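We just call them A, B, C and D in the order they show up, numbering each chain from 1.
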Amino acid sequence: MIFASDNAGPIHPSVMEAVMAANTYAMPYGNDPISDAARDGIRTLFAAPEASVHLVATGTAANALALAALCNPWEAVFCHRVAHVEEDEGGAPEFYTGGAKLRLVDGADGKMTPDALRTAMTATGGSVHSVQRGPVTITNITELGTVYSVDEITALCDVAHAFGSQVHLDGARFANACAALGCTPAQMTWEAGVDAVTFGGTKNGCMGVEAVIFFNPAKAWELEMRRKRGGHLWSKYKFLSAQMQAYVTDDLWLTMAQAANARCAELAAGLRDVPGARVAHDPAGNMIFADLPRAAHARAIAAGARYYLFGADEGPDDELVRCRLVCDWSCTSDAVQQALTLWRG
Amino acid sequence: MIFASDNAGPIHPSVMEAVMAANTYAMPYGNDPISDAARDGIRTLFAAPEASVHLVATGTAANALALAALCNPWEAVFCHRVAHVEEDEGGAPEFYTGGAKLRLVDGADGKMTPDALRTAMTATGGSVHSVQRGPVTITNITELGTVYSVDEITALCDVAHAFGSQVHLDGARFANACAALGCTPAQMTWEAGVDAVTFGGTKNGCMGVEAVIFFNPAKAWELEMRRKRGGHLWSKYKFLSAQMQAYVTDDLWLTMAQAANARCAELAAGLRDVPGARVAHDPAGNMIFADLPRAAHARAIAAGARYYLFGADEGPDDELVRCRLVCDWSCTSDAVQQALTLWRG
Amino acid sequence: MIFASDNAGPIHPSVMEAVMAANTYAMPYGNDPISDAARDGIRTLFAAPEASVHLVATGTAANALALAALCNPWEAVFCHRVAHVEEDEGGAPEFYTGGAKLRLVDGADGKMTPDALRTAMTATGGSVHSVQRGPVTITNITELGTVYSVDEITALCDVAHAFGSQVHLDGARFANACAALGCTPAQMTWEAGVDAVTFGGTKNGCMGVEAVIFFNPAKAWELEMRRKRGGHLWSKYKFLSAQMQAYVTDDLWLTMAQAANARCAELAAGLRDVPGARVAHDPAGNMIFADLPRAAHARAIAAGARYYLFGADEGPDDELVRCRLVCDWSCTSDAVQQALTLWRG
Amino acid sequence: MIFASDNAGPIHPSVMEAVMAANTYAMPYGNDPISDAARDGIRTLFAAPEASVHLVATGTAANALALAALCNPWEAVFCHRVAHVEEDEGGAPEFYTGGAKLRLVDGADGKMTPDALRTAMTATGGSVHSVQRGPVTITNITELGTVYSVDEITALCDVAHAFGSQVHLDGARFANACAALGCTPAQMTWEAGVDAVTFGGTKNGCMGVEAVIFFNPAKAWELEMRRKRGGHLWSKYKFLSAQMQAYVTDDLWLTMAQAANARCAELAAGLRDVPGARVAHDPAGNMIFADLPRAAHARAIAAGARYYLFGADEGPDDELVRCRLVCDWSCTSDAVQQALTLWRG
């Protein structure tokens, strides 16, 4: 009953086996056959043979490096008000961009609307006194567990491009979004107008690996230098590559995300029968925000369930408390049903 | 016959087993029992129960974070002219410190002398027009394969402290230095006056883990924030901790370094019998710089030996070429003897 | 009829005379008697004999330097949503702080409320994933022409200090605020809890001079280094000092502000008689935001009036357009009456 | 007898008159006729009708902004070991470039040689582990009072351009160099291959104004944003422009430099007759480094002469002490002869 985060679970056995298999002599810094294969595997998966691909160990690093390469220091990055880059990265985007500003865009359910984005971009730039318009970054699956459709992504990219700005997609839960939409990686990214992607593995069964992908490779060398300078170039790079190589082999990335999404759908469905409970937003991937009666919540926690609570631990039994429930690839129906039983009381 | 780098070799089986054993559910970001154990293990190893300990995956990150916490942006870091922070980190120290300057100190065999350090520090600071004196960073084993004795470290720390500056030790090859000196980690660091350490695992049998250690924990929170902001806080932190925990258990760190140093000594001894060859500097750890006749070099490379060459690939057969030979924990006597046989011709 | 900005007008003759009188030999970088006198004059004016005082030529520089000395790079600065530091400084605070975030606080009429500030500060910080709480900066006269009372400043300082944060006051129009409140500089600053001030001269009859004042001089050397490093230390510093010295002599700063405020009050009063016009917010200093019928606006512009218009130049005659009207020390009643006549039509 | 610095002297009356004449209403931020005239005047002087021209108040700001626009953060700036940007700007180049490294090039008399520059540039860059090659910056008149000939500048530019790097010329004493060489501004800059210039006024009779000039205007907007963001955009910009406009009118810049250089030549000639004295380097502009017997030095100081001494104030009477003597436009033959008389004893 671990619904705390998709980074709390185990590595998939296939990924771990790839790591073990890579444990031999190899030239460092990505100059090895496994790394070649991982880069090629990603290019094939995205149907983007020219893309530049750069692996790092954390999503914060991937996002910050991508934004730094898309943004001048005197520009603003446009993101949703609750975006991970704004709320959960300790100022890494500001650090890597050399002090760019994050301009917060509103929108229900964690999703920017094209109109809100257009308004924010219109209000930015102009005279030399104002920071100028820089890139747009969108997250799919969003931070509230919802999903942007391909059409919605396209609409945001159209707005951004109309202003001459590029678009980054924070895909910490990229696989869950693809699984939810039933689309290909290409459809969700460059075909919709996305210029750069963080393709996440860490939350979806890997140890710690994310790919920064630029569909136009003109910035490849800049990204290499920025990564090195950020301390993110691994000498034993093959261990990043091995994870990623296993991840993109035989649709493992997608299979794991489908499993996680399915468990989450099961959770959402079951919550309808929990007296007093209600599911917030419109969960589409592997993450649910739900309001539970405090007594139900307390029963589950007491029995060993683990997930984040927003708000006070103490209070009236029937008060609703906001909980975040995340399923990873390893989550079982048993765990889901066990939790539902506890909440139902 | 892989002498290219100590980061070209495999992970030690005990480290790999620890990684596999950690592959279960755990709370993220270091809030797990393995991470507690790893931190405690390092504190015990350094006899420093109050030390703050922060794990990252690369040595460049560890050095840059440590220097950033020791240095104001308007200060200079003092390091040897061939220091890794100056030559091989792509400007990471400048990035993390917010633009501090590196002031290069001379000294034979990759070692700063106290006099040269004092001269450089005396020449820095003073009026507002000059950057001010910041920390000193020394590398042990040095970039040229030599070792600072404990007395030499103490002498440099005395100079630094006399100017009110703190001292960082870049221990990418910390274990090899300890093995060479036969001293304890405490003797080589805080007992000698060192304030902060990069305790390296990556080059010595780990996958990718370095500990930033501050003996005075006053900067602990700042380091946590700087690490997060640099994108170096792993969500699945347990996989960094598991490596480090295995590394400091049963003297594995030391045993591996002793093995690497022994093979290197065997190489150095054998090179005396290679006609025309000569060993540069005074190798003390697991790294040798040697001048070899080009023909000898060519024979070894043709037979599959791998190591770095400085200078041109082509030239007269009897011309000496400068080679760097590094042994890691996994290097065998057979490999050493095989290379020596090839060089002898 | 120049109401475009208080930086569009002339330098006061006394300031210009002081500049001319300073035109002789002097040691550079502030080591001269005029500079000593200017620093002392400010300390006396603020009844703050220990304060550190640093002159620069622009308000943006003054604000950015002050915030940089109050803020770590991983912290957030709290300011009003329409603060000059957010909207009009091209990202200078982010640049000088090394990438701090600006957290925007709401409040009617350009004024943060203590409750809104407390809410924003409560929502910031905590875990390592979030940027941490840094300083609060308030502007008086605000960007919307309103004034914080001494009690209101005190209440905001109390909130900030309760969180362990320091308070900066952006006093680009400091003199106009003092004139409006009838209080002393000390009452509006350190007696109310303000830790650092930008004391502006540029908008109030000087050529280009602002004083950064820290009531606790512990950061004096850091400010000197940051100023030099920012390229803001003048070699012929005496020409900054001469302006400031004249400015604080014989209450010139206050006299000029009183004149500007008086003209602005005359404007506001007169606007009541302009058919269809209305004054926004509650102008207290030397700046008014007013909605004027487009036809009235067009008449004034055609006759040579100069001020900023927000919104489209073209549209229906009776549509209200938002205008910003600023009076400086040199503004005359004639100019005011002439503009009112034109608007009245 | 003020030879301390060319920034210790007065403003030329023509410059001061221009400042006074500018004291009227004008639109801020450089949108005024005086600013247009100043920009055009510089373009005419440099025979560079397309150049972008940006005024700031200090030389440190001008140099740092120019280098920031020419350099990525992961690159190295090549400069002479004793360059002002390295020794006297408090780390401003590192701050504005976002942490670029300064690579120090040797050469006698403060002048880089093409060979030394080529060696330094060859040794920089290559792999991702090293910072990459960025711009070259040369100072004329150099920090040691010598002058680069047009041919020497051309040779350095050829080396830089061969590596794909651009060249900045720090012209804090640009006018003195032109006067010494008898060449035009164009000949010393873009005709020789220089890409960007700091054209200094502050040390040569102005209050505080330097022009950043880029012959290719492609970076004009970037420079505008970087200047604003650095806090260097004056609201009352006309007061910078007025100085510069007077400076470039009727060859005032050149006339003042010729006067300063002539006084310096007189000093140098007279020093030949000071027993025991010797002139270092080969003074070409308005600055001399000379070794004087301590007793001679002491006599002059006691009589009111002012100049910088390198080394200890106290010591044997006949010991030589290194002094720096600088003449500005206002220096008189009387002052020179008076000092020479005192030194001769």
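The working rule: contacts are C-beta pairs under 8 Å (C-beta built on N, C-alpha and C of every residue); 3 or more make two chains touch, one makes a residue touch a chain.
Quantities reported herein were computed from a predicted structural model and do not represent experimental measurements.
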item: Chain located farthest away, centre of subunit D as origin (C-alpha); value: A
item: A-B compared against A-D, more contacting pairs; value: A-B
item: Approximate Å spacing (C-alpha centroids) for the pair subunit A, subunit D; value: 51
item: Subunit B-subunit D separation of Cα centroids, rounded to whole Å; value: 42
item: Whole-Å gap between the CA centroids of subunit A and subunit B; value: 34
item: Junction residues of subunit D, two or more chains touched; value: 73-74, 89-91, 95, 98, 128-129, 225, 228-229, 233
item: Complex contact set, residues of subunit C against subunit D; value: 2, 4-5, 7-11, 16, 19-20, 23-28, 56-62, 64-65, 89-92, 95-96, 202-203, 207-208, 225, 228-236, 239, 306
item: Residues on subunit D engaged by subunit B in the complex (per definition of touch); value: 73-74, 87-91, 94-95, 97-102, 128-131
item: Interface residues, subunit C side, partner subunit B - complex; value: 29, 72-74, 98, 128-129, 132, 222, 224-226, 228-229, 233
